[in-house]
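In the two complexes below, chain A is the common chain; its partner is chain B in one and chain C in the other.
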Partner chain A sequence: MKAVNSLVEDIYYDDDIVKKFILATLVFAGVALAAGVMVALQLAFWPMNLNSEWLSFGRLRPLHTNAAIFAFAGNAIFAGIYHSSQRLLKARLFSDFLSRVHFWGWQAIIVAAAITLPLGYSHGKEYAELEWPIDIAITLIWVVFAVNFFGTLAKRREKHMYVALWFYIATIITVALLHVINSAEIPVSAFKSYPVYAGIQDAMVQWWYGHNAVAFFLTTPFLGLMYYYLPKAANRPVYSYRLSIIHFWALVFIYIWAGPHHLLYTSLPEWAQTLGMVFSIMLWAPSWGGMINGLLTLRGAWHLLRTDPIIKFFATAVTFYGMATFEGPLLSIKSVSSVGHYTDWIVGHVHGGTLGWNGFMIFGMLYYLVPRLWKTELYSVKLATAHFWTGFLGTIAYYLSMVVAGITQGLMWQAMTPDGRLMYPDFIETVTRILPLYWVRAFGGILYLAGFLLMVYNLYRTIKGAPVSVPEKVRVVNTRDVTAVETGHRGLEGAVTVFSVLTFLAVLVGSVIEIYPTLALHKYLPPSAQVEPYTPLELAGRDLYIREGCYLCHSQQIRPLASEVLRYGSPSTAEESMYDHPFQWGSKRTGPDLARVGKKYPDLWHYRHMLNPRVVTPQSIMPNYIWLATNDTDFLVLRKKFSVLKNMGTPYSDDQVANADIHAEKQAKEIAKSLEAQGGPSGLERKEIVAMIAYLQALGQKAKETPK
Partner chain B sequence: MNILYLMIPLSLLLGFGFIAGFIWSVRSGQLDDTETPAYRILDEGEEQP
Partner chain C sequence: MSEDQDTPTTDHDYDGIREFDNPLPTWWLVTFFATIIFAFHYWIHYEFGGGMDQKAELSQDMAQIQQLQHNHPASLDTEEDLQKLAGSAEIISRGHDLFGAKCAVCHGPELQGVIGPNLTDEYWIHGQGRLTDIALIIRSGVPDKGMPNWESQLQNEEIRALTVFVASRKGSHPVNPKAPQGEKIAN
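Here is the complex of A and B:
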């Protein structure tokens, strides 16, 4: 469809795919927010766990986080990237077919996640809970996305690549790398696998991933969107294009090193902790450069803030970005982290970012895109304004309640009497104190959800009232150096993109190939080390612990702080978790640390506590796990599990592997007998609860000499 | 801590990748003009609602 002058062409953009991703965003945002409200209610009011295996907190929480990050934010990012890139590059997407594979593949992944997570198929690593078949699917679809994006880049008609595109490129490359490295795992069965890393190594990889997932899934793509949609919506150029470039390069160079700030005061080596802290503090500068750049783009257009809901959303989002990126470095300072870590402050921090920054960017973008794509007017500006205020109040209620709850609880944990004892030795005291704030948080979440529903209705009416849309031709001017085509220069530029795709694939394949043999077979401490690996029954219990998501409320990592040692025992050592595939250090203490809970209570105490925690701790908010007493343990699979772990370097003998099930049944009988002897019911030896008790009683008991 | 032998090279690889990207962007003139791109996106590629 070339015009006479070959520099001017009429082309069609693929807006259908953008619309598809927008609708998917709306659907899954609903799921993510509803699941969020549900888990918030469960924490405020434990009966909301509904005594249900599939809906208890530990299983719904991964559903909430995964849906929010990968389904809600993910679909929105794809919509925004596909829409803005076509315009910035003056080219239709590389392949309509790949676009559709990307779309349907991603939705299939989300549906698979929504089914498997409640069923308890989980990796036990936060934000990476999905099991191995889904992990592989994510990798494949991400490669499809990458090829489609870089292909579009290669056939672009605009020589200059606007800064937003750089943010997209960094996103695509880095997320692929993070996902592949962190998901390296060896399957045991169709929906169970063990990560190749153990203990401290797993912790490092996990938080390298976890931190950079925030950086490259929830920050860089959104900054790209900000640099495109904010100027477009305000109809003003970005305040300083130069600053945006500095923002980008500074951010991508610094972010990748900051992960260890999630592991301050753990058994991670001191220097790695300090490195993480220093880089985190350095991040403050570029982040604020970006925030200022975004806000000052509105210079001279501040009046829009009063009238235009899109600008309201964008300006508030950028402000929350500034807040979160100020708070992040603050929390990376060791002394601040000692109070904030494991508390709800972190939860508040995250939601300032997700609800305030990501959510509001997405809402602003949707209000901008839907009328334009469907060629109509927004149904109601009033409703959009109402959405803004409910969402804003919801976010503030959420954020403030969690910061106050976190600091309150953090200080209570550390409070000591003058004679050196804990002021609040009963953990539950520190829980009941903040329970009212859990209600405020749930209320904030409900407001946010209500605002979102207003938007859904508003957009539904907008789309319904829209005329039947036909794709429109767009006239574009090719600015890539045309004379260079003959000299081959253009070919070279094309080569750069082909080259990046190839490098990217090479890195992917290379890391997978490299990582399996080196890490899988590597024993990083001699087998003579001071720690005993789990028995088969304990391992079975550990897998239940992972399945039920206990790590989402319990940590297993005692920090070297006086109050913590008093409360839980001597600090955790790196050796103690050396056979833990995956590590279960946790990141949140809604309940107490469990690293040394073994032998603290008799078996029967655990039995009664697991079935109904309120029997032993009247005000507990922990869910009931009644199904553990009725479900049977799968003994046979333990052989396979042991052989996989042995291959990865756990020092099990051939006999232990071959007879894992027999050893497990033997130990189960002993525990069942002890339960009965203590006055519990009989006939529990094949039930899951016995495996769980075996595991809990082993915690902190595996080091041959207790660490000092 | 063997994991560092994987993670540091990978992080460096990523870093070098970004450096290569940066050098390419300077060489190919991507950063020559830091004024007009901000204006260009405003009047291109968007049909009015």
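Here is the complex of A and C:
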């Protein structure tokens, strides 16, 4: 019941900060989508790598993913959260100053990312590539956001928190937890650090992070936005309050466990893999709870689907959400994963979510917000409708081409002849087969970008034609102090602290149960395991491997599947990566697995292959890494690197640390000599290529007892 | 709208957004419970119920494959079998194509030797230069010296074609030959 003794107040919302975040969204969406088109073209047509150190696929791909997630989606989330929360709480944001620090701080982080990623400063952990100074900045700005958000909750004039706010709370708490735990690292220099975790620990923590970045950066905030903007745009009540409660808590509790489904059939302990799989299956219904609540809210408003581009975007977004959250559990089934993992099917799956769900939610929200905030009409509904169809076709072309490419390649990798041999033993055959689909994908991306540009023009004209805006007073009724006996969840909706603590506990349970055991790494290693750590030159090469983003196209993890054992050798073991800070198992095989590539080819083969892969494999789509032959290796920093690794438990002697550079130079001379002896050029001993060769030749060679 | 009248509602109103209190759809609840029951069964079966682990599954599959390979041995070609093919221009040309794609990077397009040895001279590091020797080296490789084992990548008839092609270039005296390696084999 409405409060009788309500207080009426006139207040101002801070819409200026929302406008700022909207403009930043538009700018960085352009960057993210253009980078996406560029990397798609590079995969279809390798010369698009431009022989450039700064623009090769391995460096641009992290730029694309980070820009899409943290710059495009991030700014849009902040715009939506700040706009909707003020209205749901009947309160201006807690602090104008913090809002501005949040805005400018976040943009500074994005610019820093856009500069450092092409320069090759990277952790080598997907979606967490940014180096340690930027990691610290992200933490600080996230805290500013949290203080500003919870401060606003504290001064609210509405007693209860609407479901959208529950999702915002879950987002803020969990993203903080994920980022801080996964980014634990020890600096070596201003722009280089090593994660404290190694091998299976690092794999577990990374995919707990990676999966839940999707969950709590690309899902929960967007569900929150859906719960506000969809009923607003359709002017219909939300379908079911009860469903909101059940699916919120189920989603938050279950999602956090699902990370290990990215590591099925790896050397991660099997119990963790199985947990990842079964929790992913149980996640299906809670995810669909959100879809149902979204789509059924449109009951009675379906006619708007014909006329209103905003409803078109929202309804399609929620449908894509439903598709992606069905496909996710499906891909988490071990036998399905054995075909889909490492292929483009996963790329298709994630873009169904990002282009279809996140992108379309954002576009719908922007078409809703811009005319309202700038107090004018949308410049052209027709253009918005054209944007919808262009974006929709682009998404479909992208998704279908990648699903077909992924399943085709996955089946080709496994295909056997009746006499027990691989049907396609030559990896490149499986690449050339799907290359036409890479063109279709690039075309889909271009369509999506074109649709976006239509929106930019449309919104530009809208804003340009708007009157000079003055902040408007809003009359609100303070219902904060309603006294009524409330039980169950309704009571919880009025208790921010209790609600937040419960949310934190819900995400903590799965995190602790999965991560804690793997921290005692030795439990999972056979007692007889004897693994030699990397030599200093190999470590230098490994850091180049990370800098060039090799892990984005090459795995280092042979799965215990017959076809993999025939193709690559015996399955990878937990001990083989026990000194790997970070692990480099990879998640995609655009090229073959490299776990046992060491000693397979002569040094000169690697030299020629790195400089121009087509000399060795005529149809290869790998970029040329010509700069490795001209850049000098930094030998001196190896002492510091060795000392950091020794402190983290790698068994290096004091001599190995103190003379790391000398040992490295000695090994480099030997390799340079062997290159020359095999007919290669002379004088390469100080060049990066030699370090890279040292590392590649060490892969799979470090465990004393190579398993059968 | 009629559905509004029979829909249970709440008194919630947030910035104009109202909420119905519809019950959870039955099919949704059934799905949710079914996945939970499946999850428990699956977990118990594989963790405690003796379900096969990945290692055991792999050894089973590998045993099957070894049986298949045993039934279809890679090659039982004799020197005579290969000699019979040596005159076929079609097979030699196929071998030439394969050589260009797979071998030229190390042995040179004219077989003159680059990383790997010259294949046109009278010197052999492994074996006596017979057709079966060449086939064996292609098949099994010399891992210590960087010659990969091609058995896993090439079909039988491809290995035959390569063997015959390599033998056909003996004494072709390419320009810039690599210095002789191994033993001189007179024949």
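Everything below uses one rule, namely that the second predicted complex is superposed on the first by the 654 of 708 C-alpha atoms of A that agree within 3 Å, B and C clash if a C-alpha of one lies under 4 Å from a C-alpha of the other, contacts with A are read in each partner's own complex, and residues count from 1 in each chain.
The rule we apply is simple: a residue touches a chain if its C-beta (ideal position, glycine included) is under 8 Å from a C-beta of that chain, and two chains touch if they have at least 3 such contacts.
Here the structure is a predicted model, which means the values were calculated and not measured.
In the overlaid three-chain picture, which partner chain does A:F253 touch, first (chain B) or second (chain C), both, or neither?
Once the two structures are laid over each other on A, A:F253 reaches chain B alone.
With both complexes superposed on chain A, which partner does A:H160 reach: first (chain B), second (chain C), both or neither?
Both: A:H160 reaches chain B and chain C.
Could you look at A:F191 and tell me whether it touches chain B, chain C, both or neither (first, second, both, neither)?
Neither partner.
Touch test for A:Y241: chain B only (first), chain C only (second), both, or neither?
Both: A:Y241 reaches chain B and chain C.
Identify the partner contact of A:K600: answer first if only chain B is touched, second if only chain C is, both if each is, neither if none is.
second
Touching A:T174, do we find chain B (first), chain C (second), both, or neither?
first
Contacts for A:P269 in the overlay, against chain B (first) and chain C (second): which applies, first, second, both or neither?
first
State whether A:M204 touches chain B only (first), chain C only (second), both chains, or neither.
Touch status of A:M204: first partner only.
Go through the superposed model and pick first if A:P231 touches only chain B, second if only chain C, both, or neither.
Once the two structures are laid over each other on A, A:P231 reaches both partners.
Would you tell me the residues on chain A in contact with chain B in one complex that are also in contact with chain C in the other?
Common to the two interfaces on chain A: residues 87-88, 90, 160, 162, 228, 231-232, 237-238, 241-242.
Using the touch rule from the top, collect the residues of chain C that touch chain A in their complex.
Per the touch definition, chain C meets chain A at residues 1, 3-4, 9-12, 14-25, 28, 31-32, 35-36, 38-40, 42-43, 46-47, 53-55, 57-58, 61-62, 64-69, 71-72, 101, 105-106, 114-116, 143, 145-146, 148, 152-155, 178.
Mind pulling up the chain B residues that touch chain A in the complex?
It comes out as residues 1-4, 6-7, 10-11, 13-15, 17-18, 21-22, 24-25, 28-31, 33-35, 37-42, 44-49.
What residues of chain A sit close enough to touch chain C in their complex?
On the chain A side, the touching residues are 1-2, 84, 87-88, 90, 158, 160, 162, 228, 231-232, 237-244, 246, 250, 265, 270-271, 274-275, 277-279, 281-282, 284-286, 288-289, 292, 296, 299-300, 329, 416, 418-422, 425-426, 560-562, 565-567, 571, 599-602, 604-605, 608, 615-616, 618, 678-679.
Can you list the chain A residues touching chain B in their complex?
Result: residues 86-88, 90, 159-163, 166, 169-170, 173-174, 177, 181, 197, 200-201, 204-205, 208, 228, 231-232, 235-238, 241-242, 245, 249, 252-253, 256-257, 269, 272, 371-372, 375-377, 472, 474, 476, 493, 496, 500, 503, 507, 511, 514-515, 518-519, 522, 524 of chain A touch chain B.
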